[in-house]
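These are the structures, in structure tokens.
Heads up, the next two complexes both have subunit A, just with different partners, subunit B and then subunit C.
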Partner chain A sequence: MTGHLAPRPGFVLDVDRNSPPIVFHHGEGFRLEKLPPGRSRVIYPAEPLEGLPDPDSAIREALLNPIGESDPLPALLRPGMKLTIAFDDISLPLPPMRRPDIRQRVIEAVLDLAAEAGVDDVHLIAALAIHRRMTEDELRHAVGDRVYDAFAPDGRLYNHDAEDPDGMVVLGETPHGEDVQFSRRAAESDLVVYVNINLVAMDGGHKSTATGLSGYTGLRHHHNVHTMRNSRSFMDQENSALHASNWRMGKIIRDAGVKIFQIETTVNNDTFGREGPLALLQKREWEWSARDRMQFLGMKAGLDVMPTKVKRKVFSSWQAPYALTSVQAGEVEAVHEVTTENVYRQHLVPVEGQTDILTMGMPYICPYNVNSIMNPILVMCLGLGYFFNLYRGRPLVREGGVLIMSHPTPWEFNPVHHPSYIDFFEQVLADTTDPVEIEKKYEKQFAEDEWYIHLYRNSYAYHGVHPFYMWYWGSHALQHLGRVIIVGGDPAAVRRMGFQVASTLQDALEMASDVVGPQPTITHMKNPPILMADVT
Partner chain B sequence: MPAGIEPASPRHPLGADYDTSWARRYPARVARAAILESVMRPTMAVIASPARRGLDRLDDVDGPVVFVANHHSHADTPLLLTSIPEPWRHRIVVGAAADYFFSNRVAGAVSALAIGAVPIERTKVGRKSADMARDLIDDGWSMLLYPEGGRSPDGWGQEFRGGAAYLAIRCNVPVVPIHLQGTGRILRKGRTLPRPSRTTVTFGDPLTAGHDENARSFAARLQAAVAALGDEATSDWYQARLRAHAGTSPGLTGPDVGAWRRAWALGDRDRRSRRRRRRWPAL
Partner chain C sequence: MKALQFRRNLPRYAAARMAGSLTPGRGAAAGPLKLVDLDGPQAPGPDWVQVRPRLSGICGSDLATVDGRSARYFEPLVSFPFIPGHEVVGDLADGTRVVLEPVLGCVSRNLDPTCRPCSNGHLGNCEHTSFGDLEPGIQTGSCHDTGGGWSTAFSAHPSQLHPIPDVLDDEAAVMIEPTACGVHAALAAEVPDGGVVAVLGAGTLGLVTMAALRAYTDSGTVVATARYPEQRRQAATLGADQVVAPDEIRRAVRRITGSRAIGAPGLDETPTEGIVDRLTGGADVVVDCVGSSTSLTDALAIVRPRGRIVLVGMPAEVSLELTPLWHREIALVGAYTYGIETLPDGTERRTFDLASELVTEAGLGSLVTATYPLARYRDALEHAASAGRRGATKIAFDMRDEKERLL
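The block that comes next holds the complex of A and B.
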């Protein structure tokens, strides 16, 4: 990595005979794969942009100089008012960042202004919609000990509860007939300050509040197969039905009189650090030094013999040294426009033309298994949902093409975090893998199951309907692709999802040629660090 | 001695003239690190049970800084030396009263070796101390100073003197305010044997002097910052910020009333920290 030079943009490498083997993420491990020369290419993410030199000053500057039709934050604060600060949950950023978390920096800056204005009635809410509740340690990590100790002991810092009958309210209905469900505390506040971390282009904007502070009644209108199939992609706001639905809901929230001051931040691509044991994952393979090669071989050999539980512990302990690249505050839509530009500045990589076969190395983490297990449904969601949709223009792989993912895909679930996933995998997928049929036949039953609701509200479980949304997340890819193959996956788990399993990448390429013909073109998406393909 | 005759300079100068440069050479630094890790840290863990807060506020700080803290006890310095994080911990000197710690050769040598003490004049304005401190900071050393000039006589703090602020302005380095809570109960002035007690070390945001600030006004701001940290340690961060912005933070120096009422008020202030920890959960 070139610390003293400007960061290099992402680019596409055409693989030839001299190209070194490429590192594929493979859950809590790695694979070195040689791609066929002459017809393969590798998309590399951009190097990390430089972070802002003084994050705290930049945050304060953003609060005092808002974007769009909004007064500076101090002008919106007054004694006797009701202030609610909502913030992104454990699913952002990935992996969790080193302390101090951006949310802590921003929330402390907001609270300092609130203290200056003499605001006493302040609540802080982890806007997790139907995700699992955050533990005390996770909340402390996100907001910092000072804020936690000041607000949590007397119940003024808490997780959003989308199933609290007294805590939720329907603010209205969009012209498309979508119910807009919202946190009652936020709806009754004089000001809602939302603190966001915009890791990918899908995050932020009206989605922060319209989704984060909502519940099943509201989410079902856009977390469904129809919306996902019409979001091409859901990372591209101009062509995302998910985005459009959230924006319609945002307008209803605004018209209902809820005043929102949106604070959005972006981070760079420094996922694995410029130094340290994982730094070589951010280097391009042909630039590896002899020391990097030795280090990689040693790391791989160690991981290959390490028990899975230990590997999970090791990887879960990794915290990314992300740096803040931008912070903007004010009116939701104006803020999000600038945020999206900043996300694209780091992530977009121009790519010419589609490919027959798209390959991906799936890492150990996705938004829904932080400090948990990456179960097969989450592997599907990360690959066919998130990674497949990291495009603008056209999908990287042509219609009817093949997606090859590399992941162990164990038949293993965290029973505390993902109880409904177990039943979804055992019962629903055993019956059908068709998202439309699943939605019609099973969704309501799982969403309204009293036991799942109890676990969501009182334990640390994802909501009963969450595995359905994970499956819908991949419905655009399922419709688009001719075949999905998982390299190194557990055969039973992979087949349960309707996919094929291969032992090696070469086997997978052979199997793919049945669908796309001989001598297919291959594109490998080297992610993470995150990239978004701008396909022309 | 007849006028006009200069007295011979002592062979082994003491007080502010004591030469501590040997204590910053490599062998002495290694010895000090060993003392710190093998003696001070376990001792502090046993008698002070420190809770360390606000260390994240130092994340964006680079280079040498001046640490300033309120001063209650001889336990303050070992507690701080074991609390201040790297990279400052092993490249720090402690401003120590020249007339107390360097009054004889043995005390001077022990102070310089064990805590990295450097002599600071506290009874008069001396150019020598200031020049030495400036040279050390310019050389990359950080400095720990107690701007109150000595340990608290009654458990309340004393007005901050301007030396630390002057030094920070002169060297253009940030000042990190620190509040110590509870060390007065361990070894307050007048006691000879320590008594174990729980302590809290709260680090504050680094402060730099404004363009229009002089040593006196900057010292007042440092005192207010340490007082606000004290409020944070005894209540919570947000309540402390509310009071700090309203200008109603409890002062370091306590109420301006008679001695017994000051002692009484001190009891009120310490009530939270004296609360016994629940050994069993509420059933």
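The block that comes next holds the complex of A and C.
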């Protein structure tokens, strides 16, 4: 891969006898796996698109030339108005990007215009819904020191608090009976500017505000098993019940008089850098040089003997050199249509036909363990939720097929970030792994638990109900798959989730043959960098 | 007669302690316990009768003795050599089947007047356990003069014996004594109506205590700890609403009671929110059927302010931070054996009668998992010491086919 050549699109490799072993992500490490020739294929993501040459100019251009029925941002700003700038939280992008973060660039541009227009009443809110609060360091990283120092000390830059009884309002109800719960500050603002980073096709649009500035009362209407099972997939807006619900809520928000100026951005696939220690994760294995091979083997050997805590620290410190590939602003739906095209432009890979066995290497990070631990529930959510649903058309794996994931899956949790996850794992999954049963029997208790609410509001804990949503996220896959096997996982943790554990990929393939027969087709989804399969 | 005899022998005691620390129950092979042939028991008094054991259970306190883990507290309260065994169903000379209430109170010691606890029916609290006509010994099974159940014959005072109906088989009958301990513990817990109870441990004592809590108190949610799958299953069957691993009990009680929690203070600035070191509220009652430093620390961490901890499992020396006991005004009470119980409705019943009914109603005879002849005492004791891990609950000696008994 070289900078001066046009980036290559995603690619499907048919594995033959000459194909080299494939690198699988495996938490804070990697595995080299040889896939059976003649019936295996590997889907590679597209190479990183070129970034916009002058991001700051592109952002300003977007603010001045909005899409859809919207005035340019300066025309929406006036002295004496109440302005709220809401922005995506720590879950985006993944991994966190190098400074300056896109949010900082956009927010600074918006604040410049607000200052020019004489707007004084400005609040900035991390639209985290029921995610954990961002720390000062994380907020500084997202919005930049200048913005943080100007707004945080006097309480004008803060984390959304979905459990603040005085801070939330219900704007109405959709025709489907869904309560639209919303931030009072945002609802009472003359203008809400939303600053998004659209990493995957599920992000953005009305979901930014209808979810990001909502709370349990609102979220429960779409973060549930029924919705997730009827989102085929939740990454494909045309076929996503999750998307439809958020759009219905967006209409209620609009009809309630909340004016939203949506700013959406997309980044390229430069997750691991074109140079540096992780660069070879963006190269196709048969194109590795001898130096790449030596470097990889050295890195793998080092990681294999490194204590887990040290590995986590090393990986958590990685910041992606993402480049901005598009920025569009204006009316929510019109903006999001363009955003989605730009996401697809980077992520979509045409794939013909489904497979009997889908394999995935699970990386060290997902949206909910930034600076934290990838606990077993998050492994499930990333694999059966996010990665499984990265398809358009049909799932990559056929109904009744087998999903094989590779991850250490330790029985380990960050108690500060994920206190209710521990209880979910110890109590709920010990009882049942059926999402419907879990939702019916346990959700309310966890959602209303005072201690979880206290920790969500005052510490850095995900809301008590969050692990339920993680499990629901995988409910479509759970219904679709015949078996789930985790290679290299902790046996007790894997079994607690109702999955099977294998020590090697070969063992896993052997175990899968009970379900899919002796000569199954195998597809490896080589993700990340992110790809979305367009399956015909 | 044939008997397992425990002699005072300090070197062997040390060897038992060493062996038992390596493999629980292994103290039987290295320690002072021996299978011996003895003359028949000598009645310590004119009223005493001979009992020929049919089954005799192995209790946690027996295992502590065999493995050299017993507290030195008991040294003046036992008399050597003694024959262990206090969970006994046996036959009298006339063929009457009886169970033994092993406590040796004032009546069996031929003391008159009796001490105040004995007068009130609280035999377990007898103030004269090392006085009177008998050598020291708090129960049959630790007194030289009486013999004990791990034999083909021993002596018993008529006040210690309870005839049992034919409907109760031997396995059920041998469970009456441990069940009486559970009944006594459940009633000593003074559970408020609908109160949350945590039972630590799902060995025999834990399981019978759960059954007793359900039968004789108005407990609300009962949460239990169990280390092994079969214990989990038994606990759920006998009345626990939730069964969790021992290291999950703090979070489980927090969830059930809606309490908040406090993390342990660290040496650095690492956040502790979300860690459940102890609860701010907690269970109304904790019944500790383990009796270790760990279980008592758990109990103090999960009981609510002004709550009650009932110590049923026999402790030895434990290391314990008692500040929470003081700060949260927690009551820590022991529950040893039985006597007369006052039920929540005010009626008074003998614990053994309540236990006998509970054994029948809850089918507790099924907890007897395996029996061994006396000759295989080493296997029996190792099995008992690893009962939970091996899917067992109560292990007992079976004397029904012993040659000496049939003579």
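Methods note: the second predicted complex is superposed on the first by the 536 of 536 C-alpha atoms of A that agree within 3 Å, B and C clash if a C-alpha of one lies under 4 Å from a C-alpha of the other, contacts with A are read in each partner's own complex, and residues count from 1 in each chain.
Everything that follows uses one rule, which is that contacts are C-beta pairs under 8 Å (C-beta built on N, C-alpha and C of every residue); 3 or more make two chains touch, one makes a residue touch a chain.
Predicted model, so just to flag it, every value in this text is computed and none were measured.
Engineer: Quick check on the superposition: with subunit A as the shared anchor, is it clash or fit for subunit B versus subunit C?
Structural biologist: In the superposition, subunit B and subunit C stay clear of each other.
Engineer: On the A-aligned overlay, A:V416 touches which partner chain: subunit B = first, subunit C = second, or both, or neither?
Structural biologist: It touches subunit C, and subunit B stays clear.
Engineer: Which partner does A:E426 reach: the first (subunit B), the second (subunit C), both, or neither?
Structural biologist: Only subunit C is touched by A:E426; subunit B is not.
Engineer: Which partner chains sit in contact with A:W451 here, subunit B, subunit C, both or neither? Use first/second/both/neither.
Structural biologist: The second partner, subunit C, only.
Engineer: After lining up the shared chain so the two structures overlap, which partner does A:V310 touch, if you call subunit B first and subunit C second: first, second, both or neither?
Structural biologist: neither
Engineer: Which angle, in steps of 10°, is spanned at subunit A by subunit B and subunit C when each chain is reduced to its C-alpha centre?
Structural biologist: 120
Engineer: So, does A:R146 touch the first partner subunit B, the second partner subunit C, both, or neither?
Structural biologist: In the superposition, A:R146 touches subunit B alone.
Engineer: Just to be sure I read the superposition right, which of the two partners does A:Y460 touch: subunit B = first, subunit C = second, or both, or neither?
Structural biologist: second
Engineer: I want to verify one number: the closest Cα approach of subunit B to subunit C after the superposition, in Å.
Structural biologist: So the smallest C-alpha to C-alpha spacing between these two chains is 15 Å.
Engineer: State the interface residues of subunit A toward subunit C in the complex, per the touch definition above.
Structural biologist: Those residues of subunit A that touch subunit C are 414-419, 422-423, 426-427, 430, 445, 449-451, 454-455, 458-461.
Engineer: Flag every residue of subunit B that touches subunit A in the complex, lowest number first.
Structural biologist: Subunit B reaches subunit A through residues 53-54, 56, 59-60, 232, 236-239, 241-242, 244-246.
Engineer: So in the complex, the part of subunit A that touches subunit B is made up of which residues?
Structural biologist: The touching residues are 54-56, 99-100, 104, 111-112, 115-116, 118, 120, 122, 144-147, 149-151.
Engineer: Inside the complex, what are the residues of subunit C that reach subunit A?
Structural biologist: So the residues of subunit C in touch with subunit A come to 242, 244-245, 248, 251-252, 254-255, 258-261, 263, 271-276.
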